[in-house]
């Protein structure tokens, strides 16, 4: 194995942030299977932009799974700022068909914070549904929620993508991906896409399953669910109730080209950090107003999650730090993603953060963010305090 | 002990379900103290009907404790179908006296899903109260809830029986037991009674306390509550606040003859499975309509229980599967019962399930269902998937 | 160490309660670092009044930290009884400025049960703010809640003191401390102050940090939070976001002279027990009516706490017993305090209880009451049952 040992990272860190590189290098030097990109902006300046490990370079882009949700959140924020979408209004105001089976009073803020009780779609979703969720939206509008509105919240890992897309379709007449591209990504040349264009596809690194240790395998088995359980239902077993693997993968070109906002955004860690840096007002043109961000970061839910049982907190789309996933300060908002992804903004520290490990990291049951990303976040926050 | 070792089970299993018998036999052959009945219907056909172990035969009936609640739920479902009871209406619409002490707005759906905050009855309940709960209903109507409506939910192990009986009295003018007998049990010749008649009493097997291992004794001591605690209050210490044993036992002929629906239904495992098979529409005459069942199975509560602290979920009367008690698929509803009982319907699999161990099984703190019943359920659901 | 071993306690116990003294003595005789006062009233009679250990005598007074909140609760109860404050009214009815940033509908009962989502004050509180919270009230009124009203509850360890003081100022035109002194303390000569007068200051024992064992040190480190976390925010790091120690200490004469009701009440254990004994109607003049106490003890919240993650329950200001902190019977209400304090009333047993250890006890993460106080409480409750 000696010949496969990692070198240190390449890339840049700003003066005073050298310890962040040291910590990142320590991961690379002790695990030859580990590779990752990490990037951070502080007060609009790129202070960390590092990459290391086999198979990955500064130009690589990868799928960030649920961290895509935090990117899509900014599109929702634009609509709120424009007065086109009111999070405190009932969903039926924009999407009348949604009112079926006792859902008339469900609010937009509830729908976008995992409170609607529509964890899975009966029958599952296919690649076609992910490329265009219009039909899936029609089907889910006819479902009865698993719980009375207000009784619980639980991670709508896949179906929240339907809600995000349908709301944008209804409110704007165009797609979430187009709004993101035109109003957010293109003007700032952000290295992150909801729908990876052909022109960037040569940079794509396919996601690969994590290499599991024996302890991790045992942990996985301990948390294995029956194939007819809620957890599997929420992960979209497309042929439910028949067993089958998860058919939806960003390694399928159609999937990553569509950029379904629940799971299939693609970019670099620098791109993710750019996304969150764009919410600050360094250049007089923040993507979303401070007031709207405050409203979206306000916790709509906190507590044990109906699907996974672990404690989480969500604002409108955004994830919030909790005792078990302390990714940022008391003021931070963002989103983790399966197999180690993490991205967030932290207004207390004027910080934007993006992290993508590759291959996928084993992060344990029901948690996306790599523990390494939490350590990197804590270190940079401490460093900023000493600086500022 | 060798001469006491169990034989294999007797009874029948349908072709293709032999592994269910193998699993059940493995329990019998490894534990000479174990005896149980297990029965299952699939698409209206009795696919498993087994009994084994000392002291029990196919004709035995026993008390199923809280699994009685799921049987009583069907009476509530009949009243909803008949338009006589609206679960979204306030309780006072049917029971005006209930409105005292800030309970005016408590809904029927809240009252029947352990949300009312009336965990115990001050002064406790006697055998007379269990035979006729009219006076107990008058007393509980005058209590102030332990929590503001909506603040929590907690298992109303005994008092939900008062609510069920009083609502049926108010709405129909007759008793819950009579509605069950006339509209549900007798027409289908179901081998399960809310109020065991004299004619069947010779089949009754008295409940006996479980034989505890040292580890189980220690676990019991660790979870022992002060006699003035909420948990004991909710279990109806009848002379509360003075100590005394639980005076209410189905081994008392008056108690099992009355069939108090919170705890004292009596029947066979086949009878329990018949109850839940009757909700399916195989013969064109389901006991309760599909729409009403969907409404009743919708989760009114989920999360840690105020009384026991463990995570549970309840619809209207029915219990729902949770991560810690995964008794059926994401679509299942039913109810466990103290000391190992379990019964449910699972619409995803067209399955009805009943299980009664005897003597009582030690199942640990705050859980009714025997882990063996969860294994039997999982095996039959997997078998059905391979079949179907 | 032999020469430092504690003697037994001094003080009195009523006939029949000798076992309480025996238990208390067992703590003193096995831990030479331990000292404490404990006092209890039963049906208006002082049945236990004990003190022991180094540095403490019957005349000593000490700061009880959060147990002060339960004392302040009685002032709120007086205002409710007088019809001046309605707990079910919105806060803005008394404090219009509070309505900013989406708080128009927050109820008094929510504000006083840790549901408002105003865990900390941006910028922190100084000694001046604790001496007069008027400016802090103006600042907190302009904050946006961390969660939507109803989404969670979490311990407002410091800021609830602002709410208590501001509500009393708005409703009465005078201070909470003056109402307490004139209407509650002075008429009954209670040995507990919100604002320790100069004349009693010679009795004050400074609080001292606990002596930690190795295991306790490790536990503390395991539960150490980032300095930018919610838990630190809620503990009022006054220079937030810059690190600094907690600047507010009752050992500062200005702080204990002001008697901020969230944390800085000072008295003896007998005084605490007197406070809670005054709620009973032994002399025909209870401090607060039975009906108001019932409303205040009704649980407004129960479940895991947003700040600490452990399960707690609160009525209006009062803390309620939970499985993890079973300080009294199902009917008890009171409040624990940092580093071991506990005080409560238990109407089921006609009991009032006060306990102050000194020096501070290590009680583990997020819990105030000393486990010894729970044992003493359980023993006296059992003894009363055998008596009564």
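Just so it is clear, A, B and C label the chains in written order, and each chain counts residues from 1 on its own.
Please note the rule applied: a residue touches a chain if its C-beta (ideal position, glycine included) is under 8 Å from a C-beta of that chain, and two chains touch if they have at least 3 such contacts.
Given the structure is predicted, the values throughout are model-derived calculations rather than measurements.
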Touching both subunit A and subunit B (chains): C
Copies subunit A and subunit C touch via same or different residues, half shared test: different
Rounded Å distance, subunit A centre to subunit C centre (Cα mean): 42
Shared interface positions of subunit B, touching two or more other chains: 303-304
Complex contacts: residues of subunit B adjacent to subunit C: 102, 117, 120, 144-148, 151-152, 225-231, 233, 241-243, 303-304, 306, 309
Contact set on subunit C toward subunit B in their complex: 109, 294-295, 298-304, 311, 321, 323, 326, 328-330, 348-349, 378, 381-382, 385
